[in-house]
Each structure stands twice: as C-alpha cells, then as structure tokens.
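We just call them A, B, C, D and E in the order they show up, numbering each chain from 1.
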Amino acid sequence: MSENTPERDAHLAAAEGALLRADDLIAGYLPGVNILNGSDLYCKRGELVGIIGPNGAGKSTLLKALFGLVKIHSGSVTLDGADITNQRADKLVSAGIGFVPQTNNVFGSLTIQENLEMGVYQRPKTFSERFDFVCSLFPTLGERRGQRAGSLSGGERQMVAMGRALMMDPSVLLLDEPSAGLSPVMQDEVFVQTRRINRAGVSVVMVEQNAARCLQICDRAYVLDQGRNAYTGTGEQLANDPKVIELYLGTLSKA
Amino acid sequence: MRIPALGLLSLVLLPLLLLAGPSHAATASAAPGAPANCAKADRDDGTIHVRVCLRDRRGNANDPVAGVTVRVSDLDGNPIGEAVSDADGLADVNLGEVIDVLGQRYVIEIDTETLPEGTALQNPKDVKRTTEQFQLETDYSVTFPIDDKIEEPSDWDLALNLLATGLVYSAILAMAALGLNMVFGTTGLTNFAHGELMTFGALIAFAIDSMPGEISLFGHDYSVLVACLVGFLASGVFGWLNDKGLWAPLRRRGTGVIAMMIISIGLSIFLRNSYQYLVGGENRNYSQYTDLQPYEIGALRITSLQITVFCIAIGVLVAACCLLQFTRLGKATRAVADNPALAASSGINVDRVINRVWIFGTALAGLSGALLGVTQGFNFQVGYKALLLVFAAVTLGGLGTIWGAIAGAFIIGIFIELSTLVVPDELKYVGALVVLIVVLLIRPQGILGRRERIG
Amino acid sequence: MNFSDLLSGSFQQGLGTSAIVYCLAAIGLNIHFGYTGLLNFGQAAFMAVGGYTMAMLVVQWDISLWLAMLVGLVLAALLALLLGIPTLRLRADYLAIVTIAAAEIVRQLYGSIALKKYFGAQDGLTSFSADFRALNPFSGPVDLGFVSWSKDDAWVVLAGWVTIALCCLLVWLLMRSPWGRVLKSIREDEDAVRSLGKNVYAYKMQALMIGGMIGALAGFFTALKSAAMNPTFVATDVTFFAYTVLLIGGAARVLGPVVGAVIFWFLLTFLDLFLSAATDDEGSVLIPEAIMTNQQASLMRFIVMGLALMLLMIFRPQGIFGDRRELAIDGR
Amino acid sequence: GCGSDDGDDDNSGSSGSDNTSDSSSPAGEKKGDGKLVVGTLLPQTGDLAYLGPPEFAGVQLAINEINEAGGIDGQQITQVKADSGDGTPDIAGASTDKLLNQGADVVVGAAASGVSLSVIDKIVNAGKVMFSPANTAAAFDTYDDKGLYFRTSPSDRLQGQVIGNMAVEDGHSNVAVMARQDAYGEGLAEQVKATLEEKGANVSEFILYNADAENFTAEVNKVAAAKPDAIVLVSFNETTKIVPQLISKGVGPQDAQLYFVDGNMADYSDQKFDLTGVKGTFPAPAEVDPGFNKLLDSVADGGKLKDYTYGPQAYDAVMLIALASLAAGDDDGAAIATKIVEMSKDGEKCSGWAQCSELVKAGTDIDYEGASGPTDMNDTGSPNKATIGIQEYKGNKYSQIDSVSGVLE
Amino acid sequence: MAAETNLPTNLEASTEEGRERSRAARAALADVAREPGAKKPDAILVADGITRSFGGLQAVDVEHLEVQRGVITALIGPNGAGKTTFFNLLTGFDRPDAGTWSFNGKTLNKVAAYRVARLGMVRTFQLTKVLAKLTVLENMRVAARNQTGERLWAAVIPRMWRSQETDNTARAKDLLQRFLLDGKADDFAGSLSGGQRKLLEMARALMVDPELVMLDEPMAGVNPALKQSLLGHVKSLRDEGRTVLFVEHDMDMVRDISDWVVVMAQGKVIAEGPPESVMSDQRVIDAYLGAHHDTKLTFEAEEKILAAAQEEIAEEAGNE
C-alpha cells in the first residue's frame, strides 16, 4: 500500500530478525473506514519501543491490531518469525504477549486479587510468587485485595491493570497509556518498573501521552499520525526534534 | 469438579433408594367415600321422588339412621308428602309425574324430634331445604349431615404442606434460574428461549421414557430417572449446539445484545411451535411416579418422588455453585461476563468459556425441565410457562449473581405457594410478582446484587 | 392454489385491523425502547388498561365511548406514572422484568373472578362499540381491488391508519426536536445527561407516559376491531410480538413500526394461507399428510415466523430502516 | 378449496348485514351460490390446541357422512379450516377473514368463549352463521347476534345439577370443587356448588385455579387439607397433571370419590394412575353409540384421538347446519339460520344424515337427535334440553351407566 | 425552571471587566492563609464536614473547604485520595454520610444532580461518559441549557426552538474547533479515541455554560501539544468569569494554570496554597509527588536507577 520511501526501506532493513514485527498494517473498525493506513512497527528482543502521537492517531488501534482485537485488512504481524496476523488473543497470550488496554482495563465485578489471578489464568501455579511481586510494586493492591475493582478510583484501576499485565510475566508487553491517571509518584514508579522489566529481558511496546517521559526511557520510538508512522528514531532523537516538539510534544514540560 | 460430583452422587443416591421403596403398597388402601347404600332406585314409572339419605357419620362411622321423619311441602307450606327413613337410612317421597314436577319448587324439612337418641345434625339449625325449580328428570337427593362439627383445616398444617411443595418447586426453578443467570451473566443475553431449553430436557426425557422396555437397576425400574439423566446430558449437547450454531457466529459478527435478545424471542417461537409440531398439545405423563401415595409425617404429606427430586435439585445446585465459585472456569466465566475483550487479553479463550457456560446452563435448564415434567407432567409449554417465574427469580436475586438466582427462585417458588393462603388461587402468580416489585423498590439491585459506582 | 387470493388475503391482514393494533403498540414501544432505551416488556398492560377502561366505562356506566377513551388515555398515563415512579430509577434490565410482571398482574386482575362484575373475568366485555360504529362512513364492504374489508373492518382500518399517521407525525416531530435528543442521550448514558442539567427522571417519565398512551390507543383498537375485550388479547406474548414488529422495521425509526407491522401480518397470513392450502384435504395437496397435517401447517407458520425473525435479526440486525453504523457502536 | 372467488365475492357483496336483519324476506328466492361451505375456526395452536383435533374430527365426520350420501341436494359440502389460536397473537380475526374470503357460509367455532366473542361481530355482520360446538358462556344468550349464533353444548346448568345430585345421591356431604378459572370452568363449578349447597352438602373447598399456571400444587394442597369425601374436578387436559398430585396428597381416586365433567371425560388408558370408581358426566344421548368415537378416530388428522371432548358437539353442529340448509333449500347463512332451531326440536325424532335428510326432503318437521344428546334449542340458539350421560371408570376407560335429561327455560 | 440560574448574563465574551474581576480574585488569594480549610474572601463553593465511607474505608472526610470565585483551583492527591468521590458528593451523584455544602450561598444538600448542574455547577467524569450513538455535534447540542425545544409541548412546534438551535449549533461548532474535534462533528461519539473522548467531555461541559466547572482529570490521555493549547482555553474560562476546579495528576499543568491548589490524601485535605508553596510542602512530596517530581530525569540518572534495579533483580534471582 504505502509507497516505499528510502526511510521506509531503511526501517524495513532494520526490522530484520525483530521479535515482534508488523508490516504495512491496514486495519479499522468499520468496513470502508481504515484507521491504520499502512503502519510498520518492529520491536527487537529486549527493546523498549514507545509510540506517541496525537489523539485519535490510531495508537491504541495499532496495539489492538497487534493483539488481534481489531481486524487487520491487510499487512502482517509476526512474532519471532511466526505469523500471528488476526490470531485469537488468548493464543497470543500463550505465545507470550501481554496487553494492557487503555480503557476498560479491569474486571469491575471481580476483586483485585481475582483480577490479578486473571493475569496468570494460563499458569495458575505461579500466582503467589507473581502476586507478591506485584504487591511490592503497588502496595495498595495487596492491602485491598478483596475490594471489587469496579469501586476503585481511576488511578487504582490503572494499578490493577498494570499489575495484571505484570502477573503474566510475558515476553512481549503491549502497554496502552499505563501512566494515565496515576499520581506523579506512581507514574515514576510505572516508568521505572517498565524499564526495569524491560531490562530483565521483556520486550515492551508502550503507547504514552506522557511523551517526554516516554521518550526518555525508551530505546526507540514511533510518532504515529493518522494511522501512519510520521517519525521514527531513538527516544533521544525524537525528544529533541523540533518538528516533533512542536507538533506532538508541546513546550510545556520543557518550560 | 470431582468433589462436588461425589457430593452430588451421594445426595442423589440416598433418595433414589426411597423411590425404589415399596411406596405402592399403600395404593390399595382406604375405600373411596361412603358405600352408597341409598342406591338409586331402579324405577321407570315417570315420577320424581325426593330422596333423603341419612347416615350417622360421626367418628368416621357410616351407619344408616332409621325412623326419621322428613316432610316435603310446596313453597306456600302446603304439605305434599312425608316419609320415614328405612333401615338403609333412606326416606323417599313421591312428588308425582315428571310433567307436573318440572319447574316447581319445594321445601324439604327434617323432623329433628324423630332423630334417634344421641344423634344430632351437624348443624342443628339447618333443618330445612328450599329447592330451586326442578329441571332434571330424575330423583332429587337431599342430605342432612349427621356428623361431627366440621373441623376447619388448620392453616399451619396447610402452610406446612404448601411450604414442602413450594420447596420442591423452588429447587427445580432454581436450577433453571441458575442456568439463565449463567448465560446472562457471561454474555449479557436475556435469553427468552430459556423456557424452550427447559422444555427440551423434558422432551428428551419424555422421548427416552416412551421408548419400549424399562431400565432396571438392582431390580428396580429407574426408567424415568435415567430418562431425566439423558435429558440432562442431551440438553448439554443442545446447549453446545445452540452456541456453536447460533450464538457464537453472532458474537463473531458483533451482533448487539438487543438484537440477540430478539433473536432469542424468535428462537423461542420457533422451538415452542416445533415441539408442538412434534408431540402435539396435550399434557402427558411420564411412565412412572404418577400414582405415588404420600408418606405422612405429622400433618406433612410428601412423596418419595418429591424428596428425590428435591435432593437431586439441591445436589446439582450445590455442585454447580461450587463449580462456579471455586474453579478456574467459574472465575473465567465471571471475567468474561465482566469484560470479554479484557478476558481474552488475559489469555482466556472467551469462546470456549461461553460455550461451556451454554453447555452447563442449558444442561441445568434441561434437567430442571425434565424434573418439572416428572413432577407435574410434560407439555410443550412446560418450560415456557415457567419462564416468567425464572426471570422474576433471577431479577429478584440480582442479575448475574449466582446465589442471587437461587435465593430468588426460592423466594418466588415458596411465595407462590404460601400466598394462596391469602390471595385467591387464580391470582397466585400475582402475589409473587407483587413481591418482586416491592423488593425491587426497596433494593433496586435485587437481593444480592451490588450497586454500581459512578464517576 | 390461487396466488392472487393468497396475496389479497395477506394484504387484507397486512394492512388490516390486527396490523394496526400491533403497529400502534410498537410505536409506543419505539418511544420507550427505540428512543429512550426503556426496556418496557409490559406494553400489553397499557393496552389492557386502555381497552378495558374504555369497554368497562361504556358497558357498566354507559358513558360515551369518546369520553371513555379519554379516561382510558388518562389511566394509561397514570399506569405509566405508577410503574415509572419506582422503576425508572432502576437499571434497564430491572425495568424489563417489573413491566413484564406488571403486565401479567394487570391481565390476571382483569381476568379474575374477584373483579368479574366489572371486567367480565375470562369472558371479557362486549357491546361497547355502538358509538364508534355509528360514525362509520361506509355503508357496505370496501373493495380496493387488491384487498377488501367488510364495512366494520373498513372503518376500523380507516380510523386506525389515520391514528397511526397522527402518531407517526407526533413521533417524528418529537424525535427531531431537542426533547427527542435528550431521550436519545438518556438511552446512551443517564449519568452524563444528568451532569448536563437535564431531569432524566422527568424525561423518562414523559416518554413512558406518551408511549403508554399510544399503547392505550392500541388497546382501543384491540377492543374496537373485534367489538370485544378479553384477557387473552393482552397476554404477555403480545408485547413480544410488538417488539418483533418494531425490530423488523427498525428501532428508533419513525416508520419502523409501520413497516414492521405490515410485514409481520402479511407474512404471518401468507404463510398460513399458503401452508393450509398446501395441506388442505381437498384440492391439490402439495404436502402429503405424512409430513404435515393441516394442524401442523398452522404451527408451521409460527415455526417459520420464528425462523424468519431470527434470520432477519441475524442478517439485518438494524431492521429494515435501521442504520448499520449505529449498531457497530457497542453501547455496553 | 380456493377457486371459488367470483361467486363468493358477489355473494358477500349482496348478503351484508342489512339483508340478514330482515330475514323474513320471502323464501324461495335463493341468495346462496348453491354450495355449502363450512368454515372451521378451531384451535390448532396455542394453549387450547389439544381441544382442536376431536372437534375437527367431528366436523370432518359429519361432512364425510353427508357427502358420501350425495351431499345436500347433490351438492357436496366443502370445508375450509382456520386456526383460532389462543389469542396470542390474536390470529382469530385474521383466520375469520380467511374463512370469509374463502366463501364460508357458516363458521363452526370457536372453542373458547373469549375467542368466539372476539370474532362474532365479524361473522354475523357478514351475514354468516356462527355455530360453536363448545361455548358455554352465558354472554351469548343475550348477545346481539342478529339471530346467527348457535351452539350445541348445553349451558352447564344442567350438568352442574346432575353432578351435584349425583354426589349427594352417592352419600357425600363434604365435597371439594376444583375448577379452571375461565368461562367454562367457573360457570360449571358455580352451578355444582349451588346445587350441592341447595341439597345440604358442604362445599368444603371451592378452588378456581388459573389454567395458565405451571402447577397446581397449592390448589391440591388446599383440597387435601379440607379432607373432602368427594372432589369435583372441572378441568380440561390438565386433569392428567392434577390427578397424580391429588394422589400424592392422599386424596386420589382411591381415597375420595372423584367426579369428572365433560371437559375431562376421556380415555386415560395410557396413564399409570387408576381411575376405577371415578364418575363423570357429559352431554350424551341416553343410549350411547360406542362406535361413534371410533368413527371420530378414523377421520382424525394424524391418527387416534387422545380424547373426544366436543367432538360429538362439532358433529351435531355440522349436521344441524346441513339439515337447515337442506330445509331452507339455500346455503346462504341467513337462510340456514332461520331453520336451525326448527331442525333441532319439536317434530319427528331422527338421527344420522340418511334418516333425517329423507324426512326433511319429505317435508316433515324433524327433531334432530344428535351424537351429543337431544340438541333441542331455544330461540337464542342455545340448547334448552339436554341429556347428561353419567359415566363411570373401570380401569381408565369409562362407560355410561345412566343418563338424566333436563330442560332449561 | 429557567429562573434557577444565577449566572451573570454576559459570560460568553471574555470582557475586560471579567479579566479585571478575575485578576482581583486572584490577588485576593494572596492574603489567604496557606492551611487546610482556609477562609476565602469570595467563596463560590463552601463545604463543611463532608464524610463518606465505603464499608470500613473512609473515602472522604473534608472538614472545611472553600473555593474562591473566579480563579482556577486544582485538587490533587494520591490515587484513591477521594477526589472523585468528593466530586460525586458535591454534584449530587452520591450522598455523603454527613456534611453540608453550598454553592453561591445555596445549600446543596439533597439537591438532585441535574439541579446542581442547572445551578451552574457542572462536572466531567474521569471515566468518560460520551453519548455513544449520538454524533459528536449532537453530544454538544444536548448540553446547551434552557432549550425551549426540550419542553414536551414546545418540541412539536419547531418554530419555537429553531433559532435557538441555530445559535447553539454555532456555539457548539466553535467549541469543537477549539478542542480539535470539528473534523469528527458528524461521527458517532462512540467511535472516538480515548483522548478524544476526554476532549468531548470537557467541551460538552463548557457547552452548559457553567459558572463553576469541575473537571476530573481532563488532560489524562490528551496529547501534550493539544494539552498546551487547551490550557489557554481553560485560562480564558477564568477570564470569562468562570470558576474552575479540576483534578489532575499532571504537575506541569497544575503548576502552569492553577491559582490555588488543594491537596487531599486519604479523604482529608492536608494542604492548601498557591502551587509553588504546596509543591514544596514536604508532606505533599512524600504523599504524592515523589522524590523525582521536579528533577527531570536525565538519561544518566535513569541509567543509574536502572542499574540499581538490575542489581536488585540479580539479588532476588540469587535468593531464589
């Protein structure tokens, strides 16, 4: 679909051998309306990839498409060389992908503990060990394990959502705005932990609106606009690119 | 799974022995009514008589009372005839030719003075009968009961019996309610065809039962119970089919819950009429347990069938609840209920979980239908007629909550029975439905439901 | 088999008195469910109150039919109020059950022995339509070529379609107004609407009352079309079939109920005529008795009806007029 | 039977209600098309569907009998069928339209009084005869039916009296009455109760149950609590549900005298419970023809009937219609209507088509004696004389042991 | 019903007079004590002794709180501090166990949520509530208040509400443009992305023309560039004479636009004051901001943290 510019060629070349790789994705919710218009993405083993972009750019859609929750009309997704395009989500989970959606990311009628149990649904034996780990990150969750997630505050929900993904102990983690709604101290915690998990060998793709922060910690980042990759580069490159700053990052946080 | 299954087994096996017991021994018991020795005269002379049959029935006896005078007069008091009761206790007064008697009215009076020593009318003041216009070309029988005071049936005894039948019915209802609630809980579908799923179980059981031959175990005939079991299993398969053939493809297409609800209405119409197509419109009974004499425990009269059905139902309910509460599948169903996309993201095979729920839910419904059929006969509408109550039960308990469905079913089932102590029988459902409304007024989320958080 | 007879017979019902009743009931439901999202499964109750009030007042108290209708409308509105006060604060599913229950209660009360002297128990009420018939402009059967009605039916049909036209106009005006917009918003998210300063409860109540009063109109026609009122006319199923009618046409569309009702009755009659002709003992038997007897043919039309309803919802879940895009937005 | 539209359309055009009201118009002038078309509006679907088959069979039997004998003046009777449903959705109206469109001159039906009331206007205003084999509601006696409504099942007043009298005669003074709450059950049960009380018996429990109800356990519990020595059960097909429940509460047929009525007198051979000793009544001639039910079986759709309720009445309805048509020399509804009452009473007694039609052709005034009893009618078109057969069960089959005649004013 | 509003009529335009007034209001804050429950010179909203508990959890326990008219007040606090619950209580979406509060001097106890909104106190939801099957534009139109056409009788006579509708539409389009949603005006709101929903929610609240607008995390999930332009818009609200109370976790935004900050923790107000003073409050830093909140993480610093983390992991692995 998308014409092959030199940048794209370079990108494709670099994508060789990546763990998770999506090529020329075209996807959308309604027939005839494509939200993704040929976006590429790859994530190497152990890499932390950030995705930023304006609202409605298709960031969440991209993650959902990777995870089989949005129908891909054309293009392909591969995991470790194997084609996983339009695979059922639960299969992807067993293949080692974890996903934290942006909205509706907790089971409201289940307790916190049950929410976390869902994270290890396919490997219930590992529960207690992972549970201790997650509780050490978010002490509130441990204290309130019996509370129904539906009655939690926005930030607490976000913790549960993140906690559920961490329970999975995945090899690739897809995060959609994990820091949204969290207090600053918690946001720090999330970023640091994400990085830490990543360093421990987990490949991470994260969508963030806290763009400055995101670019700081990620190895590489994409700027997505109208369903296409507008810019790619390392976090540092993008964070200092004046165009990116003007169009996507704003100057507020630099002030 | 295994522990509940064992529990279920023991719960079911115990009362099965009851059913096999010699409950038929009582069949040839008490003679019906009183021996009618004031038998109709074999007379064909074109006259009409007044016949008064006097019997002393105090203390459950039934002795003819002889020598009592009975007078017949017209409305103006002109005497027409009188007679004295004979050795059979019969006093017979000839009124005359049919032609003359038809359209007339008479007064018939008993002379209490002539009653033998020690006897008295049940109602001493009730000594005179005024007839309507004669319309029948036959003798006119009259009675003046000589009997003990009528003892008012005790409300407590009645209530006890109502409670017992109510419990049995509730337990059956609860299975259906649980089945409905499981499906509602996981898919959000208000399944109007649930009644037909119940009927399906009953129908299969009926089909198995009507096959020639019987199924015996240790010399006892268990055909019907085996048929119910088959109905239960077949319903599970039917649930599987339902989901695979209809609901799963619909989910895949992203059909909304409302559209699905309407589809279920269509399915209900389709199935219900198909059943009638297949088996016709009459009530039918299964081959066993339609002539069980009750055990009498104090004032309580209860049959082995009722005990068995109750135990089976409770056993299944307990097993199902354990399954839902404590197993991974149970949690998965609740997760899927809550947020299917997220459940899939957690590695749950949503389709499979929903499929399981359909299997279990339908199996429960089918068993419930089969047991309904066993306790009160089969009809193509057996499930359909219960549907409103099942809905009421589920709502009353709280939509989507396991225990709620069961609690609701018991409240509705028992209330329907007990309410007849106060409301006319024809309105017994009205009472239960009013309770439903009242409860929802006080607790809008149902008895065990929870409030939602806003913001 | 004579197809022109089949068609004319089917049109007679498709445009006839029963279609009118279900159309009106569905218009009421459209306001409740289609636009406001109120899951009213007790439309039969409003029909019952309308029909019975009208019939009862004329029969027992001998007042004018028109006055009786007015009272019927008022009582239907009151029933809406009575049902609404407690239930409109509840979640939609609960409203559904409460209204089903209410419909059942109402029907059983009308049919009960206790109230026999007012409502005639299971016999129902008759001889109340003199005032209506007196105004009949037709003096003989009406033949439109492809379809004909007896004198009385023709009058009910005429009055019915005029009423429907007026109701549709009302719905059309209401739903394109800001008032209708608030209703649609309530259907989507009550809390959001509340936060914008709208009295959600009052709007829902208004919708329930208006839809209920249109339900009462359906009740009037139920009674007038057969000059009788009877508990079986307002059984729970009536509401389900009214929903069917509504969804065939497409919810939240002004003409949805009209198209739905015509199609529903046309199909139902067509199937009946066709199948019974096909299985009739005399004439040409298309389907041998071993496969389908005449009695089974009557069932077959409901079987096919059920199937048709399913298929329609599967392949055109938005109904004839609905907007597919709208369905793709998952409200849950 | 769809091909006769032309003739019928003309017909319905000219025989509107206007004509029927002055039915005194000179005879001799024929209004019909010469071909009697009998429409049947009986339940095939819904709650009362099980009542349909015997009624359809009764109609079919009569038509066969007449047609085999050469029809009415050489013209075969044709039948058009329609389903009256149970009111949900209300398809009786549509079915009636269908019958009228197909040129029915008379409509046999409906079974339920409520359904009949919902279509009576339509039928009589079209100038057609409506003849119900099963309606018992009092409302029809006073209904403005333009003289076109008839029925063969006698008002339940006689039957109620017979049961009441029988119960007292049998020596019972403590009787429970359990009846379905509808036009049929309620009317009959009220009469039973009145008769019992008039005769001094104590009606210890009087229960009207909702025929839609799923079970009758509460009702049966109440009956049992009253410890009656006899129970009158006024019900339809739900009898097979109620009897086992009565047994299970210790008030079954072996524990208390059970009385059945026309609605539930049936052959229960396929049931496991034992009805020996149960008595019952239904309108029947003094001497029953045991072969009649077999004949019904032979014409029933889909084999042997489960019961025969209202089958004879339906048969008699068609017979009376055909005889009236023969006597009037016309198949127009209004013309038939003027003769029906005449055929039913006062004259030379006859039964069966062969015998009666001969007499009619010879110009004799006949008194048709039906399969369901004397079928004498009063001027409102309801039976005013009836014979009630008293039946007793041996095993689960019954036979007539006696009969009682009665008259109604 | 229209009479319920106490709003000055010319709020629309951000007049010089308005700006002057808001400057005065801000200036008046200078003298206010920097302690929880401080008295404000011109309080639009006053809450007293409000408590709400869920089971054993005391979610809100506010002794006294005043919100100054005509300024932007931020409400911050750790997750689960009770901010949203407090909003719910104030706006009638939930009932407190105890307490009284008033808006513009009018006591709001037991006042229904929609009346609160009509009085001029409008809130948004943290978890957005868009009207999914209405278009974005319709979402906006619904919000306009005092619509004649929303009365049942007037609704059937289009003449009575046509012109008003035109005005509302124009205003709605204008707002949508400011929130970069004009391109989506005719799409169903249900098809918006997470951030777009936030924007619509805010735009819609403004469409009500409120005197006090309460935003619950309006910027969470909003793109930084857009956020920046929206800040200007929020500030202009103040200049129009409106009062803004918002909950936010983005400290840049709080610092940038708020005139006053209230800090909640565990249901209680623990600190109040201008942004700088509050953010240097040690308790606030401990409970909420965390050590790194203003030291922008440099890549080197980050690496250090990570190295420590890795060591930790290695240690853990060793322990097992």
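Please note the rule applied: a residue touches a chain if its C-beta (ideal position, glycine included) is under 8 Å from a C-beta of that chain, and two chains touch if they have at least 3 such contacts.
Chain by chain, the UniProt names read as follows: A, E = ABC transporter ATP-binding protein; B, C = Branched-chain amino acid ABC transporter permease.
For clarity, every value in this text was computed on a predicted model and none was experimentally measured.
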Touch-network distance, subunit C to subunit E, counted in steps: 1
Chain whose average C-alpha position is farthest from subunit A's own: D
Comparison of A-B and A-E (more C-beta pairs in contact): A-E
Centrality ranking, top chain (CA atoms only): C
Rounded Å distance between subunit B and subunit E, as computed from the means of their C-alpha atoms: 60
Centroid distance [mean C-alpha coordinates] between subunit C and subunit A, Å: 51
Rounded Å distance between subunit B and subunit D, as computed from the means of their C-alpha atoms: 29
Residues of subunit B whose C-beta touches two or more other chains: 273, 276, 424, 426-427, 429, 454-455
Multi-chain contact residues (two or more partners), subunit A: 29-30, 151
Subunit E, residues touching no fewer than two other chains: 84-85, 93, 125-127, 191
Sites on subunit A touched by subunit B in the complex: 67, 69, 88-90, 93-94, 98-101, 104-110, 114, 117-119, 121-122, 124, 148, 150-151, 164, 168
Residues of subunit E defined as touching subunit A within the complex: 54, 76-85, 126-127, 180, 184, 191-196, 198-199, 217, 220-228, 231, 249-253, 256, 288-290, 292-293, 297, 299, 302, 305-306, 309-310, 313
Complex contact set, residues of subunit D against subunit C: 1-3, 5, 9, 12-13, 16-17, 44-45, 49, 52-53, 56, 78-83, 86-95, 97-98, 100-102, 112-115, 117-122, 125-126, 137, 139, 143-144, 181-183, 186, 208, 210, 301-302
Interfacial residue positions of subunit B with respect to subunit D in the complex: 27-30, 32-38, 40, 51, 53, 55, 57, 62, 102-103, 122, 126, 129-132, 135-145, 147, 150, 153-154, 157-158, 161-162, 165-166, 169, 273, 276, 280-285, 287-294, 296, 301, 303, 305-306, 372, 375-377, 381-382, 385-386, 389, 416-417, 420, 424-429
Residues of subunit C defined as touching subunit D within the complex: 1-2, 5, 8-9, 12-13, 16-18, 21-22, 108, 111-113, 120-124, 126-127, 140-141, 148, 150-153, 222, 225-228, 230-233, 235-238, 241, 265, 268-269, 272-273, 276-277, 280-283, 289, 293-296, 298-299, 302
